[in-house]
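Both complexes below contain chain A, partnered by chain B and then by chain C.
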Partner chain A sequence: MEESRKWAGWSAITVAAVFAASIAQMAGAQQRTAVEDIARYRELLQDGNPAELWELRGETLWKTKRGPKGVSLEGCDLGLGSGMVKGAYAAMPRYFADADRVMDLETRLVHCMVTLQGFSLADAKKQPFGNGTDRKSDMEALVAFITAESKGVPMNVGITHPKEQEAFQIGRSMFFHRGGPHDFACATCHGESNKRIRLQDLPNLLEPGDAQRAYTTWPAYRVSQGELRTFQWRLYDCFRQQRFPELEFTSDGSIALTLFLARNANGGKFNAPAIKR
Partner chain B sequence: MTRKTILAVIAAMALIAGCATMMSDAEVSKKSLQVMKSSFKERGQAKLDRLDQDEVQAACSLYGTPDKVPKDVAQRLEQGQLKAVRYPADGKFVGDWKAGETIAQSGAGKQFNDDPTRPSGANCYACHQLSKQELSFGTIGPTLLNYGKLRGSSEETRKYTYAKVYNSNAFSACSNMPRFGHNGILTEQQIKDVVALLLDPESPVNK
Partner chain C sequence: MADPMKIRATLQGDTVEVRVLMQHEMETGQRKDAAGKTIPAWHIQQVTATNNGKPVLSAQWGPAVSKNPFLSFKFKGGAKGDKVQITWTDNKGEKRTDEVVVS
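And then the complex of A and B:
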């Protein structure tokens, strides 16, 4: 009697343990399926990319005579000589002697809109981002066109000019700068490999492979927003979630951080505009 | 001059040129803060003073990732932070786990586009696994599955858990986890609710 009761007790424990293990396994399987589903969703997205609509509109904007001076942007020097667009983005941000400043693509476009086309600075910076519905951004379209012309080109951002070196150092410092009520820095989410937020994989932007994959796939058409988003937008929205104040479009800080991240991606083949969730 | 000497001279010149352009760490931090102050603008509740750093933020930024903080620095920071923990006046550390689950799911609060009159969340699931049924969890922090089951709920555990959520840096300097109480992200009651989510035997964390 005593023996059989003991046996029954052990059986119950065994059954419970097996049951618990299978539940854990099921949860694991569900987890894997969720991750696989997301991977499949991302794959499907690559089939047709609405970014092409932004690229086409950007090309027209680039070639159309606009602004008070009625000239096109085709005379704009993106670093490889005036009007040279192919491969230009893969070597930006860079130092421009005519402005005596390190500039990313957006900043350079603003510069050309002011100096070549005669727009006021305020007008050139008026709408950096589309609002998700009817108000599309000319800046996002121009960036889509120009970045697409660097597809397949390896990233090659130099830090030879002293101002480029300074921007790199400042960008690096900004990357590690903890602040705000949450103590967040860029490094909080992007300083370690193989981490996730919820189910979203986080690139370690200090590691070449991850940095290349991340940087070379911006700009991107964001399905959830119905807009093509530039790297300026990417930084803007990261800082919002970091609980920082609002990042100013084409500010020195935004350019320095972009240069630091672009430089970390050197060697990676540029592959944008991409498409993301 | 021999070839060797020429090479040495060139190397020395390159070193001097390098020193002339590269800033020291202290110079970089100072310049970087200046640049940041001119690169952000205040919006809503997010004022420019959010770029200023307290002792912990400054020290942690200097070392980059938490694993690079020297032991003595970490100890000093932890002691200072632990002293600043304010425990509930009523001596109770555990609230309502259901309210805690809602707080753990929400990532709202403190962003420039958030309404400051609404309560913040803690977004625990962004970084931690907590319950079996929530599959959408992050991995920046360790899994907290069965947190209470593994630790029990002695007075010591309840107090420690409250303090850990209140100020993670009191036990682990430069942790990636926000200092929810210390920096006023969560209220006292909200922290108690999160503690309940972790410790209550009825909570999905321990089921």
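And then the complex of A and C:
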């Protein structure tokens, strides 16, 4: 009896001490630890990233003869010559002379599905994103496979061709354009350093370090959605969150904005498909 | 048909480390859809691993395991070139078996 009372007393003191210490830390350290914890969480998840399942499926899709013409996508030129996949994504979006247009990866894949495999444009664009359960997107799988082939390659998006320069300028304007019911722009959240939403740090996408960290970790497997998400999806969802009109899949606007953000990330080592909460 | 697993098996010293990614919905049976109807449970119940046909792991899983589960385990007595085979069975009776050679 005596013994247990003594213990109760001691643990009360310990609890009080721990409590006081945590209050002292709370002011400055809490936000930092939350950020560190998210980083640690990502690190723990990195081993066994389900994105690899998408990469596997994408590789099969890439090599399978499909479409009315019954050919594989292996003849598709992603900018480094037909069938060259390694490192191709790190230099996209880019200008393609055969289409006379600046294209990002998804747009280029749609282009190849139409020109090589004979799909209709509507069919090629039919399901850009999976719905989290039974309806899986072939596009997301293909993107997972191709982007994984650029792992470790530094981002190198050029703006030499006039159309690339034009897209960069349009993307830049879109980034700063305020609109919608919230009078929001991309720049509202991503144009200043050290901002956060709830406990998550927001990257300043005009700052090379932040832009590289953000851009080079998409596509990513989203644990909360159980899906692999592409950069087209990232922008699509940003538009939804801003209450903007729906961003059309593979539209010139989406490509321009992607090129602007990809260019800002130049020099950063590509490191996706990643895993995010 | 269920999608293939991604399996890696590497020999480190005297133990083989096996890492498996499985593609499965792992629906708990607790969630409701947009119409308020319960989504029926659908998850892996049994996982077995063999090395050259000899069982090295047997596990019973339930709804607490995440979607697209990742399984990692080690066993002793394996050698390079051995065949590690993983099989899962879900509560609908669906099965998937994949195999990898220890490297």
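One rule holds for everything that comes next: the second predicted complex is superposed on the first by the 239 of 277 C-alpha atoms of A that agree within 3 Å, B and C clash if a C-alpha of one lies under 4 Å from a C-alpha of the other, contacts with A are read in each partner's own complex, and residues count from 1 in each chain.
Following the convention adopted for this analysis, contacts are C-beta pairs under 8 Å (C-beta built on N, C-alpha and C of every residue); 3 or more make two chains touch, one makes a residue touch a chain.
Everything quoted here is computed from the prediction, not taken from an experiment.
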Fit or clash - chain C, chain B, common chain A: fit
First (chain B), second (chain C), both or neither touched by A:50: second
First (chain B), second (chain C), both or neither touched by A:199: first
Contacts of A:131 with chain B and chain C, given as first, second, both or neither: neither
First (chain B), second (chain C), both or neither touched by A:239: first
Touching partner for A:226 - first (chain B), second (chain C), both, neither: second
Partner contacting more residues of chain A (chain B vs chain C): B
Overlay on shared chain A, then closest C-alpha pair between chain B and chain C (Å): 13
Common ground on chain A, meaning residues reached by chain C in one complex and by chain B in the other: none
In the complex with chain A, residue positions of chain B that touch it: 21-23, 28-29, 31-33, 35-36, 38-43, 46-48, 50-53, 56-57, 60-62, 64-65, 110-113, 125-127, 132, 135-140, 169, 176, 178-179, 183-185
Residue ranges of chain A in contact with chain B within the complex: 23-24, 27, 30-31, 34, 162, 165-166, 169-170, 172-174, 176-185, 187-189, 191-192, 194-200, 202, 239-241, 243-248, 251-254, 256
Of chain C, residues touching chain A in the complex: 3-4, 6, 19, 21, 23, 25, 66-68, 70, 72
Chain C partner contacts - residues on chain A that touch it in the complex: 47-50, 52-53, 56-57, 133, 223, 226
